[in-house]
Amino acid sequence: MQQSNTALLIIDVINKMDFDGGEDLLENGLEMIDNLHTFKQEAKAKNIPVIYVNDNFGLWQDNAEEIVEECRKGRGRPIVEKMRPANDDFFVIKPKHSGFYGTQLDILLTQMGVDRLILTGLTGDMCVLFTANGAYMREYDLYIPEDLVASEDKKDNSNALQIMKRSLFADITPSVAFNFEKVMNQ
Amino acid sequence: MQQSNTALLIIDVINKMDFDGGEDLLENGLEMIDNLHTFKQEAKAKNIPVIYVNDNFGLWQDNAEEIVEECRKGRGRPIVEKMRPANDDFFVIKPKHSGFYGTQLDILLTQMGVDRLILTGLTGDMCVLFTANGAYMREYDLYIPEDLVASEDKKDNSNALQIMKRSLFADITPSVAFNFEKVMNQ
Amino acid sequence: MQQSNTALLIIDVINKMDFDGGEDLLENGLEMIDNLHTFKQEAKAKNIPVIYVNDNFGLWQDNAEEIVEECRKGRGRPIVEKMRPANDDFFVIKPKHSGFYGTQLDILLTQMGVDRLILTGLTGDMCVLFTANGAYMREYDLYIPEDLVASEDKKDNSNALQIMKRSLFADITPSVAFNFEKVMNQ
Amino acid sequence: MQQSNTALLIIDVINKMDFDGGEDLLENGLEMIDNLHTFKQEAKAKNIPVIYVNDNFGLWQDNAEEIVEECRKGRGRPIVEKMRPANDDFFVIKPKHSGFYGTQLDILLTQMGVDRLILTGLTGDMCVLFTANGAYMREYDLYIPEDLVASEDKKDNSNALQIMKRSLFADITPSVAFNFEKVMNQ
């Protein structure tokens, strides 16, 4: 297993967005997706493992490809296509909101030697927040670049980021100022 | 085991408050403690089980009385004395922020037949929020009377309540308007 | 989600068997695989959901098809081909021995309304036993037809079945005498 | 928090034994209790933390002293009195069979830096076996001195020890030959 003290989690970007509020989420997601795509490439260039942590959208067959195909049919298609996982990305399917609940995520991270996490994706006030809580209780250090997280409502997104900053001591420095070396060597 | 579809959780009110920000928390906690005390008596009168869900404050002996005694020595004493658990209250010691993480809470609630939870206590933007997230993923309906939750900072408390209302569909009707019968018979 | 009070778990039959003792396991597995195949068809005819609960064999991409393809390359090929999951079977990938550890299994079963489990597969003294323990603590009733479970060593398999019968109150009636209606209507 | 790579778990010796089979368990427990008592003293002399992991016997108040008092009233009294926990022993109350299910045990061990566990107590074919399974999946090395574990039935106890030895790679060297230094320095 690849060893790394840092991992990048990309949460729920493979997303049908076929729900109330999905249009707003798509709009806010599209605003951040170029930054997230660039950030993902930078992380991979530094050999940081990239782990998609994604809702199962009602599919319980544990089949990543099926989830990607299913979500491509929905409103979120432009984001799905931009962020399609590569063969060497990890893909953890979550049945609920936190990436740590009912998944192998903690076991995978432990095997990799990860103790600091970069959280990105959708939505800031829900699955990112829940996953951040789960990570904090398991004593991971948290980095949540504020421009790489989006929600349906911008005010709710901003409130959630403040809570993660204040209650979970997350570093929310935006991606443009993110210093991978500093994080990895801390 | 006593059966009830509803339970009242009282989170972290047995609290030393000997940390940075503890003075603010005490002040905000004192503002709500009479309401919480009254609400607890009303719940008991309706045979709703009362479950303290409380930090261990570094004690790992699973001994509720020791935790109460230890916390009485701290800044939080007036709240500890007002809210001292009765012999027929349940006491679940949690090692981390969510009442569901590393505890028997979910097993206890399942044995009681509980599927709706009233969350109260400290702090709204931390242990109440984390516990609410854990409860939501386990499909409990949530009631979080907004005047029965306090945090160090009132703005953060209010933000957290908004997130619990919007993201977790919690009913945050204040205690004065809380209708126990309606909740229990829903 | 399909509702059923009973589910059939098929544990680790998608298996490379490329480890010490794999030859013995293959031999013992082949002895039971016709019975298991027949039993699976009977369960499906009665609309009992079939859930493969399977090791990830070092693949963390949550991709059932990749695991099946990878395991077809190993010693276990005849069993993999016989027991290849159908499109309407569920597939839960487990990272460790118990099907309940680091997986969505309990959430899936709860959503289905399952409270009784039929456990089958490999190996009786390891992953079936661990999964049975996890199920017992979550208060599922257990049925483990003794001829549908195999291990590397027949004596160990038999010891494990005795422990599951005595300690977990599992019904180990062999498949030929298994009465689906009785189980489902109990 | 005290740091140690090794911890001694003492499982369910605080036990009413007021159930079917309790007489046999008492008899088998009494046979091993002097060895266990001596072993505990040796572990404490080497600063190995001692953690009681004990059933709640229907008490959900998380109060160790109450559980000890309650169990003293039962058939298990001679063992309870011999093995009464000291003030500096840890006491983890478990609601189910595995010490890792619905408890803070894993969090406590992680904070202590423990990665190897000595398991002792009651019963070998049930709570010790379940706890061993939980420990193995969390990657603790296991030592289970065979003379420090008892069950209602000696044959079942012996079968369970064989499974823990073969499937979990537990070292079951008896206590008289147990080499604390070797374990701690491995």
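By written order: A, B, C and D. Residues from 1 in each chain.
Please note the rule applied: a residue touches a chain if its C-beta (ideal position, glycine included) is under 8 Å from a C-beta of that chain, and two chains touch if they have at least 3 such contacts.
Please read all numbers here as calculations on a predicted model, not as lab measurements.
If you check the contacts of chain C and chain D, which chains show up for both?
Neighbours common to chain C and chain D are absent.
Tell me which chain's centre, taken as the mean of its C-alpha atoms, is farthest from chain B.
Following the centroid criterion, the farthest chain would be C.
Counting only Cα atoms for the centres, state how far chain B is from chain D in Å.
The computed centroid separation for chain B versus chain D comes out at 32 Å.
For chain A and chain D, what's the span in angstrom between their mean Cα positions?
Each chain reduced to its C-alpha mean, chain A and chain D end up 40 Å apart.
Going by the touch rule set out above, which residues of chain A reach two or more other chains?
96, in rising order.
Going by the contact rule set out above, which residues of chain D touch chain B in the complex?
1, 56, 58, 60-65, 89-96, 102-104, 106-108
Within the complex, which stretch of chain C touches chain D?
96-98, 101, 125-126, 129-130, 133, 136-137, 153, 156, 159-160, 162-163, 166-167
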